[in-house]
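Should a chain be cited, it is by its letter among A, B, C and D, assigned in written order, with residues numbered from 1 in that chain.
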Amino acid sequence: MGSSFGTLFRIATYGESHGGSVGVIIDGCPPGLPIRAEEIQAELDRRRPGQSDITTPRKETDTVEILSGVHDGHTLGTPIALNVPNKDARPSAYDEMRAAYRPSHADFVYDAKYGRRMVEGGGRSSARETVGRVAAGAIARKILHLELGTDIVAWIESIEDIVMPEATEPPTRDMVETTPVRCPDPATAAAMIERIKGVRSAGDSIGGVVSCRLAPLPVGLGEPVFDRLEADLAKAMLSIPATKGFEVGSGFAGTRLRGSTHNDALETREGRIRTSSNRSGGVQGGISNGEPFLFRVAFKPTATIMKEQETVSPEGESRRLKGRGRHDACVVPRAVPIVESMAALVLVDHFLRHRAQNHSCAFSATPHMRR
Amino acid sequence: MGSSFGTLFRIATYGESHGGSVGVIIDGCPPGLPIRAEEIQAELDRRRPGQSDITTPRKETDTVEILSGVHDGHTLGTPIALNVPNKDARPSAYDEMRAAYRPSHADFVYDAKYGRRMVEGGGRSSARETVGRVAAGAIARKILHLELGTDIVAWIESIEDIVMPEATEPPTRDMVETTPVRCPDPATAAAMIERIKGVRSAGDSIGGVVSCRLAPLPVGLGEPVFDRLEADLAKAMLSIPATKGFEVGSGFAGTRLRGSTHNDALETREGRIRTSSNRSGGVQGGISNGEPFLFRVAFKPTATIMKEQETVSPEGESRRLKGRGRHDACVVPRAVPIVESMAALVLVDHFLRHRAQNHSCAFSATPHMRR
Amino acid sequence: MGSSFGTLFRIATYGESHGGSVGVIIDGCPPGLPIRAEEIQAELDRRRPGQSDITTPRKETDTVEILSGVHDGHTLGTPIALNVPNKDARPSAYDEMRAAYRPSHADFVYDAKYGRRMVEGGGRSSARETVGRVAAGAIARKILHLELGTDIVAWIESIEDIVMPEATEPPTRDMVETTPVRCPDPATAAAMIERIKGVRSAGDSIGGVVSCRLAPLPVGLGEPVFDRLEADLAKAMLSIPATKGFEVGSGFAGTRLRGSTHNDALETREGRIRTSSNRSGGVQGGISNGEPFLFRVAFKPTATIMKEQETVSPEGESRRLKGRGRHDACVVPRAVPIVESMAALVLVDHFLRHRAQNHSCAFSATPHMRR
Amino acid sequence: MGSSFGTLFRIATYGESHGGSVGVIIDGCPPGLPIRAEEIQAELDRRRPGQSDITTPRKETDTVEILSGVHDGHTLGTPIALNVPNKDARPSAYDEMRAAYRPSHADFVYDAKYGRRMVEGGGRSSARETVGRVAAGAIARKILHLELGTDIVAWIESIEDIVMPEATEPPTRDMVETTPVRCPDPATAAAMIERIKGVRSAGDSIGGVVSCRLAPLPVGLGEPVFDRLEADLAKAMLSIPATKGFEVGSGFAGTRLRGSTHNDALETREGRIRTSSNRSGGVQGGISNGEPFLFRVAFKPTATIMKEQETVSPEGESRRLKGRGRHDACVVPRAVPIVESMAALVLVDHFLRHRAQNHSCAFSATPHMRR
């Protein structure tokens, strides 16, 4: 229980890192959406291992098969099944992990919770599970693009203590994809790449912060009081492996400002009501206010490292463990499409929920999604 | 849609700030739980306005009525309805808010989304809505206490730039409740109180950070991949009005550590597998690891201030607005029981979900909730 | 768990027969719906006890209070709380039911499942629980009426072996409400009333069959494969106390026809595609086909009778029990508004779900709800 | 939306009749369950086409692949993906169905609802979709068998007007599987087979009634007021293609009995409280009472027949249509494993829900699942 996400645009993911395949079922995609396997593949290629010299060399083409729900290049309105076979599984690389739990990894808690686990590759706890999310996210972002014109762009803001200077203009996807580290500032990107390579050589790992921006968005998405837009995004982000924090708009730094400074004044601009600043991050009271939606996600350093660490065996006896296998020294660059995909899934779900309840209707002249 | 929360211990809240009443229905509370109205009232009293000289003077006794689900001092296993009538509503204090949207408040987005809103007191967007959460939370924490012995303690870690020194021992509820500001460090508390009074005099507002600790917890709570314990807590926290950020364990600061430093080594201690440090914050791979669960929540400064601000009318015309009415200059102290309540609701839900799926059973010798 | 119903128009009911009150929270009602307490009250009056000389004489005015979600005569789009205080509770009438389980009543299973029960009036297992359903149903039918023009009319088709002759035209609400037994055929109604009175005098009870018709309905409501329109209606009907069966269209009798006779031929009539007969009952493959929706519900005889019956004590010792208290000898006439309300709740939920997924949109020229 | 079923043991099915494959994801299966592909295959073989000379000759081996969630012969507690590739798709057999809607089939409503449909084989509206249900059902029944010892046996009670004589003892699976028509009475079975062959020769179709019995069951399963055991079963059954009715226990016939006759007296037998008769069908107030659970499902005659019928084109023009392709003249024998599977899915879900809420716990001495 727990592998489903969403209310109206609902996904269920499946698959272990070294099992037969990983994938996703999407239940609730509107009919008539034009979608090609290539569009899904393009997003998977951004997530897959081996895409550059700073990621794990595991060889997975991550080729998606559309098993159902799409016909003649369009969605049918029925469940869409997307399956990605695992190709490059090497169970032997994990023998020592059977005998000792990796520190700060899910090995111990999976054993404790389920009474058994698939040792190879971390099984379900592996970030390989996110393949299904990215595949579904590709469809979600297509809907957002066609319905609302929304672009979703995430990027690396910091790696360890290397922080990108504040951008003067919002990063575009092209800017982000220029370097394998996905930081839109070229100089910072270069420093990050060098740092990642150095840390990998040292057998260690590092983390960082991903920023994400969604725009344009209509006013009105979000369902208070519990299903606020930022609340569902917070859950979506903290459901990504290795995440430890989430901020929207001014975030933790905003707790140091006074209301008179923090508040975003309202004005009429470009023919509609807008805020003059955006410390709110695009949301008020759980509902989008039509400004760009801005949030940040903290990723801890990868748990699996190539240095010897203190740990215990499943029986609780003291052990020393040194990682083997093919792991990323820094997962953050590959997390960028995952963050974007989860954001897209949340947004599409709220778009459909809003349409169900608030569409202009027989008894109300409520305008549909004011911008 | 959006006013329900939880899977098995499911609450639905209702009520506007100046409507007839606010309250909650709990569907899924196990039968046989001993509970008295006084226990619920005690938590409501920690949240209610007028409890000290640093909170809003609105006079609400917030007296809870148990309408159903409890008989002879025990829960029946049927829905529990808890109703709290509104007493001190003063609609006239809100006349000017009809003519102008408050900056960084939900006024504008409610109008845009729903086509109408209850102007008085912010209607449903008011933090008064959290009364139902705290009432339900009182029942949830009783279950946790009886089933798992878990204590939930939240406290104010910072107000604006006043930050409490790192605690040498975990704060207890008694320590927290010593001062109205709910910071367990007396000197810091005094400074915070003075700051809040000063800001209130200036007609401005401030925010801060709430920390929360849950312990002891068993190993095994949390349902990957989406319903990770920290993901559901992140959603719960970001669903509280005025929140802008969430961190678990090392949080954003953890992105600056290397894996070799950040990882929590495993050892056998007190007869069970434990970590030697707790940068994970009590959770790995979305599942509790038996260590104390630690998280932090950022609260922005209150939107409603007594200073004049630039804004617009519902028609988009430029206006200047100065707040009236009875508002907190700093909501963070009153947020403490809300944070605790939402944490309790998430934990009980996961406790029940875990029990459903992972209980030792006919076909498995899995131990029930290893500690 | 189990007191919530619906996906987008979601209700949660609460309350025991002899507790403080019964009621309902509606989460997901669109904003802007004009609704007055009198409209809700009118439906409750059709369900309440004491409305005629063939129902229980329990004196309950069943006066509804709107606690939230409605302002200035219109829904706000926030949760609507409807509360109905219990007035005429007489716990002493149930003393003997503490010492012996009523045969075919829920007494025994509630004790077994929950470990305790509210003996008075059957607590939560009482049909008094349906008050909340009828209150919510009044709002649901108003939406259907305004959005789709749909009328929902249920009536008594049979009581014991007294069966109404086949109607030449669909019964209207006025025809149904002419007699307290709610059978639109006057001669049959008279015989039914006489039968009910006779059975009541004998201290016994009887059941019957309720028919229901919804029209007009658009083509396209229903969400295969599990949430077929008739599947959700079947669940809704079997969730009403004392129901034992559900049929749509030709039902069980249809199993005796051949496909060539049973199939409803298609034709173009009144400018749209229609069936020439309606053995399908208005649904094909789980989706409404634009014809009147027709279904029937079987109600068993009331379990509580004034005759002595063999039973056991909670300890399993043999007992003889004779009912006291104020009970209906035949609940079926009062079930009519409950059947209609549950049908309305299902239909509104599917209307909103359809609108979310299938509305004409940017990428599709799908017409919205063809009629 | 609508292809998911269950609360804690949750399945999501996918797949079109002539698409790449059909299948199911199970989210919520407890870990540690021993399960082999052969056990799932055995149930699929009972459902598959071509299994006998009274079913469609479409050649599908329906071979299941376990893509995830099972390792070393045991479930992992993570999602189980079961995929069944389509082998014998013959799109050309459906050309005329592109030009004319089949009467009483879902062709028209799918076009109206989704704006497009997969014509071949009826796409998602085909009973081929139930492959995923039966695969998941095989796992559900294994859990029931191991946890509760429950046997689920369904059988054909009637085909058209051929009704099986009342059984003196409950049919066993062996008795049911003796003949391809799955009627446990040999003489009736022979007549049914002959009838089906005759009807097929005539190009026509027939329906029938399936009975089902679940025993033993513990006392206490079912979650009033909406998620009553019989309500969830009613929904499950009416979600099966071609169903038109559902009865539990005495059903529609029970409406002709008086309370004094209909009520099931309680007695102590075999050391526990039992009913002396079983007109309730094993359920009271929505909760299992420990007696065998008995229900019946009505299946209409198959819509697709080989006789010419009046219908219309998608544009509404009059057409005459005669079926081609490979269809069952009577689907009821193949429906038996589907009915059993859906019943198993409902029961396991309620078993887990009951365990979550009602298990004996720290604060209650409630016995766990009294039998």
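Operating definition for what follows: contacts are C-beta pairs under 8 Å (C-beta built on N, C-alpha and C of every residue); 3 or more make two chains touch, one makes a residue touch a chain.
Small disclaimer: the values here were computed from a predicted structure and weren't measured.
Peer 1: Tell me which has more C-beta contacts between its two chains, A-D or B-D.
Peer 2: By the number of C-beta pairs in contact, the winner is A-D.
Peer 1: Where chain B and chain C touch, do the two copies share over half of their residue numbers, giving same, or under half, giving different?
Peer 2: Chain B and chain C contact each other through largely matching residue numbers.
Peer 1: Taking the mean of the CA coordinates per chain, how far is chain A from chain B in Å?
Peer 2: 26
Peer 1: With centres defined as the mean C-alpha position, give me the chain A-chain D separation in Å.
Peer 2: Centres of chain A and chain D (C-alpha means) sit 38 Å apart.
Peer 1: For chain B and chain D, let me know how many angstrom lie between their CA-based centres, rounded off.
Peer 2: Chain centroid spacing, chain B to chain D, equals 44 Å.
Peer 1: Quick check: what residues of chain A touch more than one other chain, meaning two or more?
Peer 2: 1-4, 8, 13, 28, 31-32, 77, 113-115, 124, 353, 356-358, 364-366 - these are the residues of chain A that touch more than one other chain.
Peer 1: Touching residues of chain D toward chain A in the complex: what are they?
Peer 2: Listed in rising order, the residues of chain D that touch chain A are 1-4, 8, 10, 12-16, 19-23, 25, 27-28, 31-32, 65-69, 71-72, 74, 76-81, 83, 113-118, 123-124.
Peer 1: Write out the stretch or stretches of chain A touching chain C in their complex.
Peer 2: Contact set of chain A toward chain C: 7-8, 28, 30-34, 77, 143, 146-147, 352-353, 355-359, 361-366.
Peer 1: Show me the residue ranges of chain B that touch chain A in the complex, using the header's touch definition.
Peer 2: Going by the criterion above, the answer is residues 1-5, 13, 101, 103-106, 108-110, 112-115, 124-125, 129, 158, 160-161, 199, 204-209, 219-220, 222-228, 230-239, 241, 243-252, 254-260, 262-268, 272-273, 275-276, 279-281, 284-290, 298-305, 307, 309-312, 316-318, 353-354, 356-358, 364-367, 370.
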